[in-house]
Structures are given as structure tokens and as C-alpha cells.
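In what comes next, subunit A is part of two complexes: it sits with subunit B in the first one and with subunit C in the second one.
So, the complex of A and B:
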């Protein structure tokens, strides 16, 4: 399925990537090429194969319900571009 | 009787499905070792996993999985031995990773059902589509600063269950009952505290309207409604809005809306227009979750008696009405309190007193049967025993309860201090009856002439003359004899 430019713009917007109009066509062609390449996989008949989500066969490891972390707001906020007290602050996002 | 909205040219039916987010009770978060307690200082319960620092990896909390499985079992739902985590991608300041770890294609719990009891006594099954586990987001505070939002990540990463119903709900009443019942079941199971004010239980409501017999029309999602009453109001308001749109020849657009309780109306959340494109994909940090059937059976064997079963047992074992039984089982501590009192006492009398005067007093005190220093079960038991053995009558019991409420004393102390013992002395009753009949000779003549409903009046006058303490049966008997 070939991509159109409006799809490219939508993907960029959802990913919060600013896209110049001049870049859209180049990206469209690149992504189209990548998708076409990946679509080769569709030629393999997998109707008898269960979907696989990873190459690891072990189950998910679980941990006990014990509090072992937290309690260090300064560590968490250490890289914050802006803070007030122990809050992160960001430009106001409100409906 | 079915619920309809009367349109300009004929009735409309409503179709509602609910997505409830219930915070799982656990000590630590779903994928990190940070604490979950409500109300801690900002960012004091945050691990670097929750704050999405590069390279931090999630490790799932076994207790959260157990709680979700228990909830599934409590909803008579199928537990999937294999489930999977997906990333739900969106940008918001209180979601540091830019995605929420959720379960999209392979949820932990599949189809189940819950039954609700309508006001007319009939019951309806509401289907549960699925239950999955996911992370909560952090909390944004928008009112602290003119141009900034404050972000607290304490809630980020706390385990949630999203419980999705089938679009089986047909009225605001049913929606309220569904949410209440779900809350009751989760509280019985101890998997969610159900506290809607603190946000432990939040509902998204999908509403559409249609002409009877039609297929489904476009629905709107009303997000984050935080009380049972608001859920009912939001559905009503949204359904009426949609009827108006259709009847004006317009078209309802699928969108996310917010309910404004002050205005009693919903409004569009335009910012969410694009947010539905979540680009889910399997989380590469987490392999599929596979559960041992033996563990599930172990959890099943630990299930407590659930409200429907308890209600049926209360009706069979104690001979209670469906209504009383429903009231008593709504909260597990209330049911336990009842059973403690009902041992060796008349169950109906226990239920009446608990659900009547005691409940009213607890409401005034802001207490509940779960924890009441004023009306511990021993005190109420003593009160019931005094009514039963004739020490006091039902009317005086009410006075005793009010006095207990005001002074915090036990019932026997109140009765002794205020001299409230019922008068069973026949001579005293005879005396009061004689006085009343002498004073009311005109009415006595009317009564004898056939106006029999005056009997109640005489009883009232005698009781009044005796300060309410006369034994009602003896007063009746004496009056009957004297008026014969």
C-alpha cells in the first residue's frame, strides 16, 4: 500500500516531529521503500504458525509486592528543565 | 419498564457501555518498586522506571497480577493463561515515557458478566467484554500557576484494571447500578478500594441513541466521570444532546467529551481528536505473561463469598426480604455486623433496626458499620435484647439511639439514667387508660357508635400520658377490654 503525503504529515504530527513541506516527498519515498521491503514478508505463508512477539521462550519474571524504591524527589527531578518545589513544571496544558 | 427519551417524532432508546478504571490495591507499583499510598508529598513515590529514565526496565509486580485475576474470577470471567503488554503511544506531560504500558490485543481477562437488580426487583445481566492491566499516568495540577502546569509522578505507574462492559446498559439507572455493583464486588475482593473521590475508580461512558429496533448509531465517549450520580447525569445529558442533533437533521460525530457537573452538560474535548491514533505495538521490554493454571486455582479457592451469593444466603438462612438482603450485603463489613448480631436473635428485627434508626444515626455521625465507636455491635445487640425482652418498646428504642448518639453511652446506661424502662405494670396502665377515657368521653361515645378508627387515637393518648413508656401490647389489650 503506497503512502501518500497526508499520511506522512499525520505520522509526523503524532510523533511531534516538525516536517518542512520540502521534506515530505523525500520521506514519503523513503518510508514507502522501507514498507515495500518489509512487505516481502507477506509472501511467506504463516497461516499455520502462531504469532511470535519475541525470540525468548521464558515467561515473564515477576517480583514480590515490596516497596524498594522512591523516596528521593531530588534524584527524580535532577534533570528537570524546570521545577517548583518538588513538582516538575511545564507550559500550561489545560483544556 | 424500559427507558426511553421522547423525541419530537417518537421514542429513542439509549445504548451505553462503560470503561471503568480501577486502581489495584498493592504496596508497590505495577512495574516498579515505588510505593502507591495516596496523598504523599509530590514526586516522593517515584522510581526512575516511573519517570522513564533511559535504560530503566519494567519488572511486573506479581501481586498486581493476582489482584487482577481475582477481579476476573469475581466477575465470572475467563482468565487468559497467556496475555501480553502493548505500548499505547501518546504525548502528555504526566506520561514521561510517551507511552502507557497496557494490554491491547491479548488482555489478562476475557468475557464475564455481572448482574444488576433494578428498582422493580427484576435483574439484568451486563456483559463484561474484558479486563486488562495497565499503568496509571501522573497527575497534572493546572491551578497552581498562571502559565505553568505542575506535574506529580506519584501516581505514574500505579497499577490499574480497565474493566470494559458490553454495550448492554439501557438507562442511566442501569449504569449507576452497574458501577455500584462493580464497586461492591471489587471491594469484597479487596482488589480496589472503590474510592471515587480519590480517583481509585473512574468511569468513561460510551453513549449512543437509536430508534427502537435499529442497529447501533455513532457513539460518543464521556471521559473521567467521577461519581455514580455524575455518570447517570452525564448519560442523560449526552443522550438528550444526541437526540437533538439527530432530530435537527444533523449527525453525531464520534468524539471524546467531558461532563461539566455545574452545567449538567457535556462538551467536546477537541484536543483529543487525534489522540485515538495510539499506534499500539507489543512492548519489547516485556515478554508475554504466562500463568500457571494451578496458581489460578489457588486464587480461586481464596475467593470470599461474593455479594450475590451472600444475598441469596441471607434470604434463605435468615428469611430476609430481597430488599433488606441487598442493603445488608452492599458492603462486606455491614453484612458481617449483621451476622454477628443475628446469632441467637430475630434476624428481621436486627435488619430493621440496623437499616432504620441505626443507619440514620450513623449517617448523621459520618460513621459506618465498618467502624463505629458509637454503635459497636455489642451495644446494638444489648439494645435489641432490651426490645425483645420487653424492657423497652420500639418507640423508646429510637429515643435510646438518639441519646447514645448524643452522649456516646451504652444503651443500658441510657435506659437506666433516663428511666426509660417500659411500664408493664397493669395497674399503672389501667390508671392511665381510665384517665384518658374519662377525659375523652365524647370520643368514647363516638367510638361506641361505630367510629372504630378512634381506637388508634386512644392508644396514642394513653402512650402520651405514660411518657411513651407503656407496653404497647398491654395498652392495646387494656383499651380493648375497657371499650368493649
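So, the complex of A and C:
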């Protein structure tokens, strides 16, 4: 089923990306092409296959639950676009 | 003798004998960058002062006889490795103001061993691309020229195109890259250098800006197999800060160059013979197999039956992971911020302005394939086919010790070619993507020139953690190919 414009708008909204009108139409066509191309995967029988999440099969290592770093707000906030004291700032979200 | 022509092995032997200083070697490379980088745009940032300070420290250590394995060796660092106090952008507008307060493990390991960082190299934004034209800071020019059409501006491949161009043009002795779908090997092939993607988990991803976490492989790029092996010795190793880093000893990879390949079984994956592959690439592949047979290896036909599903699988899995990883760029804690009416507006404006076209494309595909109602049909299905691709390799490696195949289906193309639709560009990675999906190591070695005089690479694919055998085979290929051609644009070349 071809992608329609409203689906692109919905996906862009989910991804929190603002799209210009012309951009949305171009992306609709490109994504449509890519999704048509990956359709070839439907010809593979995977009924007996477990999904692979990564190339590493080792389990996660345990480590002691202790603080090893931190306590440097200035370093952490050094890249903040805007801050007040030791806080990041954003537009007001509650009235 | 031009100091910029030295490989890593010869340079460190000469530094050890104090034939020249680390400072002289660094200055020679900085001068080459100054002369050529305005044209090539291989480096996004040159850190000359820091490099000279590091060279001074290396000279002092060498004078005391305490220099590390890379003491005084000038390297280029792909601008996706976080370097403490040095701007790191991933070639994205969204990270334009970002100065990491920490160092990636791989670059920390290189510094520990005495390496000198000349600067940060260009890439496709967030490593998404095969041409280095998807950079927010302009494309990188391939230093090689077509014989018949020297005016054409060729791409260096990608995404590690800045690193590949810098090493090929002798602006650095070696470089770091990352390979998610071929981003070390394909640019190495396009620029006539060697690029090594180790086994997944061999080099830590800590501090490497994430694209697709289950596929991102940091690795070395240099002008010989031995040089890549030396760099890998320093870059590799267990890191508790990367949960997928594997705790196995790091062998002496450089020693593997001289192991010989007598009795090794080399597999030829028959599915890699694709329609429309240039005859000269077929020819080079046949020569490569003959060289390995001459050195005592035996050649065997093998099948990797799910090869053709590699690319579409990759273009579901990688964007899915990318859409999740790149959610962190929201304009709040670091990077670009575009003000908005409310918080959602701030996110949307920031991400709309901060990401380039290819990154948006992949985030949207990833969001789509992970969204309610589509997850099973796309993402889960792709993860299952990924398991089949790994099984192909496991089965093949029960029969053979290593595989030999072309690295890319073509030589370097010109900027503007292959841009008509995204899928055409994605097809560049047809031979490189499977090894990333399976996590097995692979190395590209320059093995010949096409009719235009452009370099072509062959890749050796090894067993998981079979880097030593893979390196032994690659070193034999290198000896037999005796690739001595040079790019038109390089330090000290008459063309500049």
C-alpha cells in the first residue's frame, strides 16, 4: 500500500521533526520507494527463526552498585543551549 | 625523502632511532594539511597547537626511551569520536556547538600509546552515507582523478571519507573510522588505502556518537595492512563502559602479517557475483584468488544464500536503531536549539533545522518500521533475516578459514552521480553490509586499478575474533598486488 501524505505527517510528528510542505512530498516518494524495495524480505520464510538483536551473545556483566563519577554540574551543563543555575531551561509547559 | 610518505611501521622505527623528531613529522603533516585541505575538505577541524604539544611530549618520552607503541605518530580522527575539549560534530548542524567533556575509549587508547591527533575528519552526517556528500560542512574530494576526466570531482566514499582522503593524500599516517554498513571498507577501496573493520565488540563504542548501536564498529584506516594491524592493537581491548565490549586478550595483530597462509582454505561466496559488476572487478577478484593459491592456500566455492537480503535488512535495522539513538538530540541538553512556542515546537523546530535530508529520511523510516502495527512486519522480520545472514557465515566458516570478495561494486563515482534515488546510493554497500550484520571482521586492501586509473579494493572476511588469520591473508594479498599507484592530489605532488 503506498504511503500517503497523512502517514508521513504522523511519522514526522512521532519523530518530532518539522517538515516543510515540499520536503514532506519528496520524503513520501522516497520512503515509498524504500519500503517497496524492502518488500523482497516477504519472500523469506522466517517461521522457525529467532530474531537477532546483535552480534554479541554474551550476557551483561555484573558490577558493584557504587558511584564512580558525577558531581560536576558545570561540566554536564557546559554544553547546555540555555541554563539557569544548575538547571536546563525549556519553554513553560505548565500554566 | 618526504616525511609524509612514511607508513606507520617505518615512521615509528625511524622515530625510535631518533632519525627525525615527532615534532618534525607532525609539522610535515600539518604543512600538507595546510596546502591540500582547503581543496580536499578532509578535515573539519585541525588541532595544530594540541598536535605540536603532543609531539613535544612524544619527543620527550622517546628521548627517555619510554615512548609508547604509537609515540609521535600523527593520526586523523573521524569526527564521530568524542575528543575531550575538542569540538565533535558528527558532520551535523545539530552538534555544531558540541564540545565533549569526555574522551572516547578508542581515542583514549591511541593517546595512551603516544599517538598525535592532527584533527577531526569529515563524514556523512551521523555516518549515514557512502559518499561523504551528506555532510553539513561540505563534501570531501577524493584525491584520485580519472585519467580521461581529471576535472571530475570524485567522492571519497563514505561515511569515513574524510579519514580515507586524508590518509590517501598523505595528510595523516593513519586514521580512525567507523563501519556500520561499510563505512571503513568502502572509502578505503575508493581511496586506495587499507581499512579494517574488526569483530563486533573488539573495539569499544564508548564515546563514539551512536548511529546504529548493534552495527557500529570502530576500526583503523592506513596505507598498509601492517599499519592497520598496529593501530588495531592500540584501539582494541575490553572496556567496562561498553556493555557489548568483549573481554578477550588483544593479540599482536602486526605479527600476524608474516604468518603465511599455506594450507588455509579461502571461500569464494558465489552470491557476490552480481549482475552488472564491472569486468575489471571480476578480473581483480580472480587475480586475488590466484595470488592466494600461489602462496599455498586452497580456494573453495561457498554459498551465503541470504546475501541479497542483506541490504534491505540493513535498511530496516539501521534506521530503526538510528531513530531511537537520535531521539536524544532535542535542543534541550546540548547541541543546536531553535526556539519554539512550546516544548514540542522547540523539539520539532530544532530537529527540522538540525538534521540533513538523509538523516531525516532514516529517522522517518526507523520511526515507521518501529511504529504500532508495523513492528512485526518490518523490524521483527528484519531481525530474523539478520539471524539467517549470520547463519550463512557460520555455515561457511565451518568449511573455510576466510572469504575473499570485492569490497564495492564500482570504483569511486563523481559527485552528483547515484543521487537520483536513495536506493541507488544504498546499493554501494551490497558487499560490505553482510559482515556488519553478522559482526564478523573484514578488511579492504587495494588490489588494482580500473581503466580510469582509479583504485579498487578486495576484502577478506574472517571468523569472529579471527582477525589474525584475516590479517595474514590480507598481508599476502598486499604483497602479491604490490599496489604502488599514487593519487593525483597528495602531499608534495606536482599537481598542487
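In this section, the second predicted complex is superposed on the first by the 92 of 95 C-alpha atoms of A that agree within 3 Å, B and C clash if a C-alpha of one lies under 4 Å from a C-alpha of the other, contacts with A are read in each partner's own complex, and residues count from 1 in each chain.
As a working rule, contacts are C-beta pairs under 8 Å (C-beta built on N, C-alpha and C of every residue); 3 or more make two chains touch, one makes a residue touch a chain.
Predicted model only: the values in this text are computed from it and were never measured.
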Identify the partner contact of A:85: answer first if only subunit B is touched, second if only subunit C is, both if each is, neither if none is. first
Per-residue contact with subunit A, leading partner among subunit C and subunit B: C
In the overlay, answer first, second, both or neither for which of subunit B and subunit C A:31 touches. second
Figure out whether A:50 sits in contact with subunit B (first) or subunit C (second), or with both, or with neither. second
Contacts of A:58 with subunit B and subunit C, given as first, second, both or neither: both
Scan A:73 for contacts with subunit B and subunit C and give back first, second, both or neither. first
Interface residues of subunit A shared between complexes with subunit B and subunit C: 13-14, 16, 53-54, 56, 58, 60-61, 63, 75-76, 82, 88, 90-93
Residue numbers of subunit C touching subunit A in their complex, please. 97-99, 101, 199-201, 213-214, 240, 243-244, 246, 306, 308-309, 312-313, 315-316, 323, 327, 330-337, 339-349, 351-353, 355, 360-361, 363-365, 367-368, 371, 378, 380-388, 390, 421-423, 438-440, 464
In their shared complex, subunit B is touched by residues of subunit A numbered 10, 13-14, 16, 53-54, 56, 58-71, 73, 75-77, 82, 84-95
Listed in rising order, subunit B residues that touch subunit A in their complex are 26-28, 32-35, 41-49, 51, 59-65, 84, 89, 91-93, 140-142, 144-153, 258, 269, 271, 274, 277, 279, 282, 284, 286-290
Touching subunit C in the complex: which residues of subunit A? 7-8, 11-19, 23, 27, 30-31, 33-35, 37-38, 40-42, 44, 46, 49-56, 58, 60-61, 63, 75-76, 78-82, 88, 90-93
